[in-house]
Each structure stands twice: as structure tokens, then as C-alpha cells.
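What follows is chain A paired twice: with chain B in the first complex and chain C in the second.
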Partner chain A sequence: MTTLWTRNETLVALVIVAFCVLAAFSDPGFLSIATLTDLSRGGIVLGIFAVGALIVLISGGIDVSFTAIAAFTMYVTAMVLNAVMPWMPWWAALMMGMGIGACLGAINGVLIAVMGLPTLIVTLGTLSVFRGFMLTFIGQKQITTLPPGMREFGRMMVLRGENADGSFYSLHAAFLVTVLAVVLTWVILHRTMLGRQIFAIGGSVESARRIGINVRGVQFFVYVYVGVLAGLAGIIHASMARVANPFDLVGLELSVIAAVVLGGARLAGGHGTLTGTVLGVALIVLVRNSLIVLGIPSTWQSVAIGVLILIGTGLPAWQAKRAAARAA
Partner chain B sequence: MWQSPVSRLFASTEGRLAGIALVVFVLMAALEPDKFLSLQNFTSMAFQFPEFAILALAMTVTMLTGGIDLSVVGIANLSAVIAATILTQATGGGAGIVVIAYTAAVGVGMMAGLFNGVLVASLGLPPILATLGSGLIFTGIAIALTGGSAVMGFPAATAWIGNSTLLGIPTPLILFALLALMISLVLTRTGFGVKLRMYGANPLAARFAAINIGAMLVKVYVLSGALAAIAGMVVMSRANSAKADYGSSYLLLAVLIAVLGGVNPYGGYGRVIGVVLAVLTMQFLSSGLNMIGVSNFARELIWGSLLIFVMIVNTWRTKARRT
Partner chain C sequence: MATDLVTLDSVTKTYSGITALDSVGFSIAAGEAVCLAGENGSGKSTLIKILAGVEQPDRGRIAFSGVVQGSLNPRLSAAAGIKVIFQDFSLFPNLTVAENIAFSAELGHGARLVRPVRVQDTARRTLARIGVDIPLHAAVETLSVAHKQLVAICRALATEARLIIMDEPTTALTEREVRVLLDIIRRLKADGVAVLFVSHKLAEVLEVCEKVVVLRNGAKVAEGPASDFDAASLTRHMTGRDLAEQPPAPLADTAAILMQVQGLHKSGAFCDVSFTLRAGEVLGVSGLLGSGRTALAKALFGLVAPERGQITLDGRSVPLGNPLAAAQAGIGYVPEDRLTEGLFLTQSILQNISIGRLDAHGRSGILDLGGLIDEARDWLKRLSVKAPDPDAPVRSLSGGNQQRVVLARWMARSPRVLVLNGPSVGVDVGSKAEIHGIIASLAAQGLGVIVISDDLPEVLSTCHRVLVMRAGAVVDDIPAGQITETALAHRLAS
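And then the complex of A and B:
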């Protein structure tokens, strides 16, 4: 029971519930399907990013380049499809995005897994490289006319309805992609040998190597997988926004990592859950979209997120410190 | 084993970096001799780099302990906004009010650093998360104070720190040189510096050596906050305004410069001379590329490539030495 109470997931879930209760008191209209679909919509891209960030954190690394991969992928995909094969259906656009993302992720993979460079520095470098390359050699103008496949995907809804007051709500089909990404990652982490190996490397690289895990191979897979997810998120972002803006997305990376850490993943590696990650993303989206409902002006939004990060990471850190002091 | 002076020079990170800086300088001078080697170019470079170079010094100090300070830009902007508010509220004040505003700004920076230090040292938060969160809070307070718009309309004396020259040398450059010298002396010639590097190299050994780690870490983050506030003053003076979201690209640039300068992000190793060389390399590259007509975005691409290239060379050197 004590472990349940001290877990980050519980803390985050309680904060979410408290937030919703307070919001419902100050505005009864808050508890509606429309709010739920709005929040789900806000969490689609962030959720896919967070799943990728989680798997890297579990493996003991950190990746800050995924937003640049996403921006690069969406821009190049939109441009290539427009120019060469506008007849491609929506799923082909998603596949292409995943392919480009995988290639960019593989660059991180080679530098980190094969050459053994520190993950933070490599991805900091590739963040600049991917973004700089795109903006210098490919283009800086927004693509406002997306290829037909991406436009079609942008209009796809799984749920549509009318509110009591006559306004409409809808849930974008891309939400299913996010769910799929979460499920697939759960299967990889908890139902395959590869997943056990990712946890093992995050726990201790040296121990993992001594029990015969192919550390380089697993690390390479992790960065390619993050690239695939980032590419996917990029295409979805552009489809939903109905424009491919090369200046979008980059800058989100630290908020995504914060959401994942809020959900209990550790920067030192080896720890992290998908439940926590989903809750962390939900909380960040809630604060971004609905702080105003609590009567807090939106100018205070970043203060609120900052305080959440400090409390969310400070409480477990402080508990761990106290436990260590008691043991000593 | 006898080594030639050249190979001995290139055996150290700083030596290699000096080589790279020289190569970049010669390359740029050869490509655009008239523009790059002009006095005007040197003056403009000397005005440009000190602001992010001071942020890189702040980053270096925290990285030496194995930490990082992601809140430097937030601190710089918050202290600039507070100084700007003081400057615009006061009417008719001369140099006196400027001194008060600058002192207040550095005070705010130190308070912000103290907050970071308490989070890291007393509560045991990982520095990357503590400063990520506090950076959002500092930026958020600056946004809330200004409503997100720029504060301007300062007395003329404000321009001194960022836009004037002293004996023909740009003031920001003198300021940076003094700070770099001071940090270098603190790191190499004081007990505090030794403790700091010792903790970065091996936290456990430092604890067994009875170092008061908490007090040391708090001082490190206060120092970093003060440096960030000074950088904020230079930016404010040069821009003649203060805004909550100035210089957001400076954060990654500061990390990049520190790492390029050979500072080990896991702590324990780093020298101020390396950081200075890295700053110069970046500025030569950036000014030179600007003259050739390369866009700002290509600069980003080249900085990133340079960072990865230097890391590959450093790793390859250490591996070669081991085998």
C-alpha cells in the first residue's frame, strides 16, 4: 500500500482528479464530452512523442532531437508527395513518414550505439543538424496545400457529435494511432526479450553486456524506433494542422521529456511506465488547455507547468533522499 | 616516449580546439579577406559574442559538478525584466538608477540561483529537471510581469554596458574577459574550485573527503544565476529593451559551447580557456558564414556538425590512447 501512495503515477492521477474537480466547480460545463475530445486531440502528437521519449529514458539515454526529426519528416514528406506522387493514399504518407523518421533515427543510432558518443550531446547536435539542413537546403516556406492523402487523413474522425448548445465535437482518427503506438510499445517493453533488454541496459550497461546482451544492437533499435514514432507524429501534426510549417514542433522536446519524467520515468534509466507517461501527458495537456477554467490567466501557464515538474520530480527525489538518510 | 610539440599540443582537447579555431579563422580570412579582416568586423564580433559566452560560463560551472543549468536564459530574462521595470519607473535618474537596476538584476539572478541550489542540494532533484522546471517558472514570472510584451524606454546610461567602448575596446568584451578570468581563478586557485571539480569527478569520494556538498552546490548555482543575470544585462543593454522570450536559442548554444570547449557534461573536467576557444570558433564561423551569404539556418547546421565532429575526434583520441 505504501508503494502505491509514493508512486508518481498515483500522485499525477490525484493531481488530475483534483484539477478536474476544481474545474468542474468553477465551470460545470467542463465535464463534457467536448472537453474530453479537445484534450484527446491535444494529446495526440504529444502522446506519440512521449512514448518515444519514454523508451529512450528507460534505455538510460536521452533524446532531444525527436522534434527536429518530426519537423523534417513532415516537411519533406509533404513536399515529395506534392511534387512526385500526389495520388498516394493517406496510409502511404504515414508509412513514408515512418521511413524517413527511421533513417534520421538511424543517424542518432550510429553515433550513439556504434561510435559510443554521449546521448545528450549527440541528439543536441543532430537537433541543430536536422533543423538546419531542412531550413537551409529544403525550404523555409510553409506548405499550405498538403498532398491529397494527408488532407484526407486530416479530415478523418472516429467520433462526431453535437453538444447540447449546438456546437460540434469530434475526435480525430489520429487518436487511434496514438493508442496503437502506446499498445505496441507496451508489447515491446513487457512482452518481448527486446523489452527486457532495454530495461536491463538502462539499469546497468555493464551488467547487461556481461550477461550477453547485444548492447549496441538494442541501443540502435531504440533510436530508430524513436525516429519512426517522431516521423509518424510529424505527419499527424501536419495533417491535423492542415499545413506543414517547418518552424513548428522544435522547442517542445523538453516539455515532452518533462511529461514523461512527471509520470515516473527516471533520467538515470531502467525505470518508467506507460501508464505514468500517459498520465503525465494528460496532466500537461490539461494545464495547457484548461488552466483558464480555474480562473488562472494563461500568462501563468508556464509557471504552473514549472511548479508541476518541480513537485512531480521533487517529491520522489526527496523521499528517496530521506530513505537513504534513514538507511545510513 | 618522446612526443613532438605539435602532437603534444593536439593531445589535449584545448590544443585541438585552438587548432580548429585557427583553421576556421584562416579559412574565413582567405574566403573574404577584405570583410573578415576589417577592424569593423572585429568590433562587431566583440559586441556579439559576450552575451552567450557569459551564459556558456554559467553552464560550464554547473557542468563541472556533473549538473546542468537549463534555467540560465529564464534567469537572464527575468532579471532583465526586473531591471527594465526599475529603469522605466524611475524618472529623471542618471547613472545612479542604472547602478540600482543592475544590482537588483544580479540580486534576482542570485536568488534564482539559490532556488535552483536548494532544489538540487537540499531536495536532491536531478539538476536537469530542477532547472528545467525552475526555468519555466522564471520565464513564466517574466511573462506575467510584462504581459508578454517588451519593456523599453531606458535612460541613456543603460546603453553603456552593451554598446560602448572603453579605450577603444567594446565594453561587453572587457566584461566577458574579466568574468572568464575570475571564473578561471576561482576554479583553479581556490578551495571552492578544487572541491567543485572533485565532486564532479567523483561525488562519493568528495563526500568521504568530508566536503560540505550541499553548501558547495548551492554556491555553484548562485554563481551560475549571477552570471546569467549579467548576460541578461548585456542583452538588455544591446537590445535597449527587455522581454520574457529573448535569446531562447541561447540555451542550446550555451550547452553546445561548453561541450565543444571540452567540458565533460558528466562533471569533473573542463577549463575556461577551452570555453573561450569554443566561443571564438563559433563567432568566427558565424560571422564568416554571414559574409559569404550563408543563412542563419546553415549556421545551426554547421554548429551541430561541428559539435558531433569534435565529440567523435575526442572519443576516438581517448580510445586510441587506451589501446
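And then the complex of A and C:
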């Protein structure tokens, strides 16, 4: 099939393979379970964020506020649980995170879906408001003693083992949450009418309105869903880092969107796959973790990621343009 | 006689004091095709919106199958089987053919989960019903316009359509595609589905219609069996005047040669094209799609770079493949698709006209905004652009007025030669006649005008001379007065 070769997914997968081959040559220890679990660990929070960013991009919008939602959620949850209900189990902390995230997402939802404001402007605004509100009124100090539930969650592993050289490796339980988020989002996008309506709105809002899709309702769902995912990611981030640092996370949003776009989602809306998103995240995590293995200074990371984005999104766009020029 | 499917009775609608529809009444029977003709602004779109339940009439009654409807809304209309196929088809370009066809039906079922098998079935069944074969898994954005239209028809059929309203159904179709569409309409009629064509370009669908209703300024001015109408009488009713067009006044023998094109060649587009254009002459270039007419038009203005050849204007050679140089030499080009190539749609009318004159109103780098705007206003008046507010975006204008804005922009630069590619594509009959009038007056001022068009009546009524293109070559050079439309059509195709 010719389309297989022009798809972003294929390109990203090939780059990943090439990268692994290169890394394996310079460090034979690269191809190990330890590397795999390291990479998986690195992709947990990024992956959840990316799934959220994907669903917004498909709906034809863009959300840059999710990192602020995550930071706000993790900080407030840790603080509230410490102060009032330290006995809450780990899953209750996750639920609480999702709840706070949903509320913040609903604010985006009201502004975008109900009032019809442009998505980029709204989420740029709420990004700043959520973050500023937290730093001003809630606190700026790191919470180094997390509530017991979150601490417990931070220690949960699904896989543990010892390398040949005696060092340990482990896969964090939160990885399962990411997997679950990917699967759930896939089901929503491809197996429910709601998901198809998200695609439809991304394809053409006007057409969607004309055939009777409740555009506002669908958009509102999208932003609440992103809020839920962001809240979840926030709790997981703090639990794994064993500290709730209010200055964390914000700043990641563009890398996340870049990973999603790298995986083939279009900023114009209506297009995007979870396979591509997962591959995009994998590539970015791989670059971050393994440039060090290759002995390349970490400041080159951002250059490398930038180049990947330019090539990964530029090449298919260029091919499409050439094809269009030939057809004309 | 069976009860009519839809009956309108003295439907009136006013928007802030302006009467859009004035006591319009007619009926549509099951299995009947009706033409609703009218120029832009005649109230056609308002009528569609009322039938679709989007707008409420101020007065009058609407009955579906004899049952008088209270206040309609889109859901009630759709439930009664009234489906509108908008001019842009309102499809989802990113989804597959099957999903597009079945989307409304699935929404109608109140489905929460995707049923891939049912979706495929619905799509296959409706495509079979109109007897066409389109790959179910193709993304709609990859389809041709004609196929997109068929998908839109299928989507309407998939939801128990009893009346399909088609807004401007033939504007974007080639002649062959129109014939395919007409065959499908015949099948639908045999199935008992009624069709309402809404357009200002109806001559081609007359043959499948039983009835014609003509609107003008919101009122019904004519109604009758389709056999009583032809293109000319439709036009007369729509515009309220006879638009029998006069061929242009003959050119004086003394008219000087203005532009000379010699051996213009680009492989795969056009080969060895030579012609001369005299001052005050209107030269038609006609040919079928793919004959090279558009590439030639673009080459004259430098948008396409020919491999060899020469263009001279007033004895001076014009550099090839350089639009800026062509414009400076005095050539103007009005593209076929003015929406994407010719206008800044979201910017104001004045800005659109004045954009080509920025240089002329610059004084050592500072723009003389007042002078620029005065000049633009002057051109608006001279080309009688009907614009309530010159600061409104160009997008808000009708097709005919948009075309005038493009013309005004060029006229402001006082060109010597104007290349008009499809000057009246997508404008209504009345505006078309006015655009032809503008062309004639430009020529009378001594401009050379090149009209590229496959609208043969237009070519014959505006041009002194017609070049016929076939497979990239100019095969005929005929004085327009000496050939009939049929003969010309034959030359294009043979």
C-alpha cells in the first residue's frame, strides 16, 4: 500500500528503530529490559497528556492549559489530603485528582463550548490563570511529605527485577493507568458515536451542526475529558516524583502537542490516531533518555526534538503538496 | 389526486423590515421534481431555510402530506423526510464514505455505540439504490466534487428522505456529471422521492422537472409545467427583463495591434500558441477542461512559466513567468476561482480594491490612505458594486459583486490588457449580463480583453473573435459572428 509509506506513523516508527540501532551500537547494554522500563516510566505522564491533547486536536481545537490543570490538581490534592483526610487510600487520591481536573476542564468547556470563544486563546488564558491562582493563593512551597495514599501509590510496581550487573529495574504501576487511558480513549474515539462526533466536528463544525450533532455538548465533553486526564497525570507525576512541586509540569504542553503532531494528528482538526500518538511520545522519550547514552550533551535534546518535529511533520506535508501540484 | 407531499401557502418572511418572501405558495407532490429558480437575493435561500425548519415564517402555512405544521424546527423537518443538500454538501472530509452516508441515520437511531456492520450496510444499500459505486472506505476529501454530491444524496436517502432539496446542484459539475445526476434523479422520482432544485442556473435540469416556480424579489412571478419554460424564458422571469445579448460592435479596421503572442510553448500544457490582440478587441479563448486554456491564461500573466515563446505588449517584450513584470507591463488577470485566488475574503471591500494601488499612493514610503480610499470608492461607484458598507468583508458580497470588486482592483491600475478567466462562473444571470456590459465598455475604452471561458453563449455574445483550443493547441481562429453555438460546441469537442 502506498499510503503506508506516506503516513507519519511509519516514519516515526522507522526513526525509532533507527535510533535504537544507533544506541545499541554505541552502548551494547542499551537493548535490555532496564532500558525498556526506563523508557516506559518516562512515557507515563507524557502519554496521558498526549492522549488528551490528541482528542482536542481531533475535535478541531487546541488545549495548552492541561499542564496547569495537572499542576494545580496535584498540588491542591496533596495539600487537602495532608490537611484533612490523610487516611484516604491511593485510588481515592486518583479519583480526587480526576474530579478537580474535570472541574477545571469544565471551565475551559464553558468558555469554549458554551460561549464559543477560540480554543487557543481560552486555554492560553486559563493556563495562566490556573497557574497564577495556585501560586498566589494556594502556595509556592514544595510539598515534600505527600499524603500516605500518594506515597503508597508512588511505591507500587507491576514489575521488578535485577539486571545481570546487580542493578534493579522496575515498572511503575502508573504505566497501567496510561495503558488504560489509551485503550479507553481508543474505545471512545472509534467505538462510540460520541467519538465519531468528535471526528465529525473536527472535520467540519458547520456540517456537524447541520446534521444535528450537539456541537456544544461534544466540545464540552472533550475539554472535561482532557481535564480528567490532566488531573490524573498530575497526581501520578507527584506520586512518582514523591514531591508536589507547584513549578513542575507547566512548560511541557508544547512538547506534548509536538509529540501528538509528530504522530500524524493535524492542527486543523479531524485527523489523528492513537498509534501515532503513542509512537510520537515514544520517540520523544527515547530522544530525551538516550541522547545521554549516546554521549550527546543534554542541551542538544531540544535541538534534536525540534529537528524531529520539522522533519516528521514537514516531510508528509511536503509530500502532500507535491502530490497536489502533480494532480493540478 | 393524492395529497401533495409539501404544500406552502402564502408564506411570508421579513428580516428587519425587508421582505425576503412575499406570500409564496406552491406544492410538491411525491415523486415530482420541481425547479425553484431565482437570482441571488430572490428569496430562494430563505425558502430553503423555512422548509428545513431553520427559520420560521411570519405568516402563511406549511403542510406536510396535508397536515398543517405548527412551528417547525430542524428536527421536525428532518423527521418529515425533508433533507437539504447544501451547496457545499456539508460532508465530513476526514471521514469515510460509509460513515458520511450513515452518520445522520445513526444519529437518528439514537445509537451510542458505533455499529460498523450496520454503517457499511446502510452505505452499500443507499449507493446501490442510486446505482453508483464509490469505495466505502475512501476518505471523502479524496473524492471528486461529483462524487461528494452523490455521497450527500446518499446520506439524505439513508434517512428516509421524501423530499430532497438541492441547493445549486450543478454549479460545480461538468456536463457529463450533470447527466449522471439527472439519471439518478429519475431513479429517485421513480422511487417516489420528490426533488426540489434551487438554483439560478436551471436550464440543464429542466428536462427532469415537472414544474417550475420562479421567484423574484421574494415574490412568486411564474409557475407552470416545465415544458412551458426554456432557458430564455427562465431568464426573463428571473430578471424581469429581456437579456438577449447583442454581439459586440465590430472592430474598426484601423485598430492598432496591442499584444502579440508568438510561439508560446509549455510541454504538457499548450504548444506553439500565437495570436494577436488589437486595441478594443475582445478575444475569446475557449476549450474543454484540460484543453490548456487555463494554463495559457496563467502563462499570459506570468503565473505559469512557458518554456519558450514571446509576448510583446505595445512593441515591448514582456518577461515570461513573472506576474509582477506582467502587471507592470499593463496586463491584468482575473482568475477563475476568485474565492481562493483573487480576493482577500475576510478583508474589507475597500482594502481589496486598493491593494494593487499601494505603490501609486506611497509618498516616500508613507501611505496616503485618504487618496487610496477615495480612489477605491470611486471604482466601487463606477462598476456599480452593490455594497451597503464598503468596510464590510468581501465575503459578504454576492458572486457578481465579488467579481466586480476583482475587476475594480485591476481597473484602478489602468491596465492595457485584461485576461478574464471564467468571468461569470458562479454569478447569477442578471449580474452576468452586467459583467458582459462591463467587458464591452472596457473594450470600447481601447483595452484589449481576453475572455477565457467554456460558456459558449458568453463567448459568442462578448467576443469579436474566438480561439478554439484542443489538446494544448489553438486549432481555430473564428470571428464570433460567423459561427453558431452548436457549431462551436462541435469544434471544441471534435
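Throughout what follows, the second predicted complex is superposed on the first by the 327 of 328 C-alpha atoms of A that agree within 3 Å, B and C clash if a C-alpha of one lies under 4 Å from a C-alpha of the other, contacts with A are read in each partner's own complex, and residues count from 1 in each chain.
The rule we apply is simple: a contact is a pair of C-beta atoms (placed from the backbone, for glycine too) under 8 Å apart; a residue touches a chain by one contact, two chains touch by 3 or more.
Everything quoted here is computed from the prediction, not taken from an experiment.
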Determine, under the contact definition given at the top, whether A:155 touches first (chain B), second (chain C), both, or neither. neither
Output check: A:190 vs chain B and chain C. Expected answer is one of first, second, both, neither. What do you get? second
Looking at the overlay, what does A:199 touch: chain B (first), chain C (second), both, or neither? second
Which partner does A:271 reach: the first (chain B), the second (chain C), both, or neither? second
Going by the touch definition up top, name the partner, chain B or chain C, that contacts more of chain A. B
Looking at the overlay, what does A:242 touch: chain B (first), chain C (second), both, or neither? neither
So in the superposed three-chain picture, is A:140 touching just chain B, just chain C, both, or none of them (first/second/both/neither)? first
Output check: A:211 vs chain B and chain C. Expected answer is one of first, second, both, neither. What do you get? second
Under the contact definition given at the top, report the residues of chain A touching chain B in one complex and chain C in the other. none
Can you list the residues on chain A that touch chain B in the complex? 111, 115-118, 120-122, 124-129, 131-133, 135-136, 140, 251, 254, 257-258, 261, 267-268, 297, 299-310, 313-314, 317-318, 320-321
Could you pull out which chain B residues touch chain A in their complex? 70, 119, 123-126, 128-130, 132-137, 139-141, 143-144, 147-148, 248, 252, 255-256, 259, 265-266, 294-295, 297-305, 307-308, 311-312, 315
Given the complex with chain A, which residues does chain C contribute to the contact? 74-75, 78, 84, 86, 88-95, 99, 103-104, 106-107, 111-114, 155
Taking the complex as given, what residues does chain A use to touch chain C? 190-196, 199-200, 202-204, 206-208, 210-213, 269-271
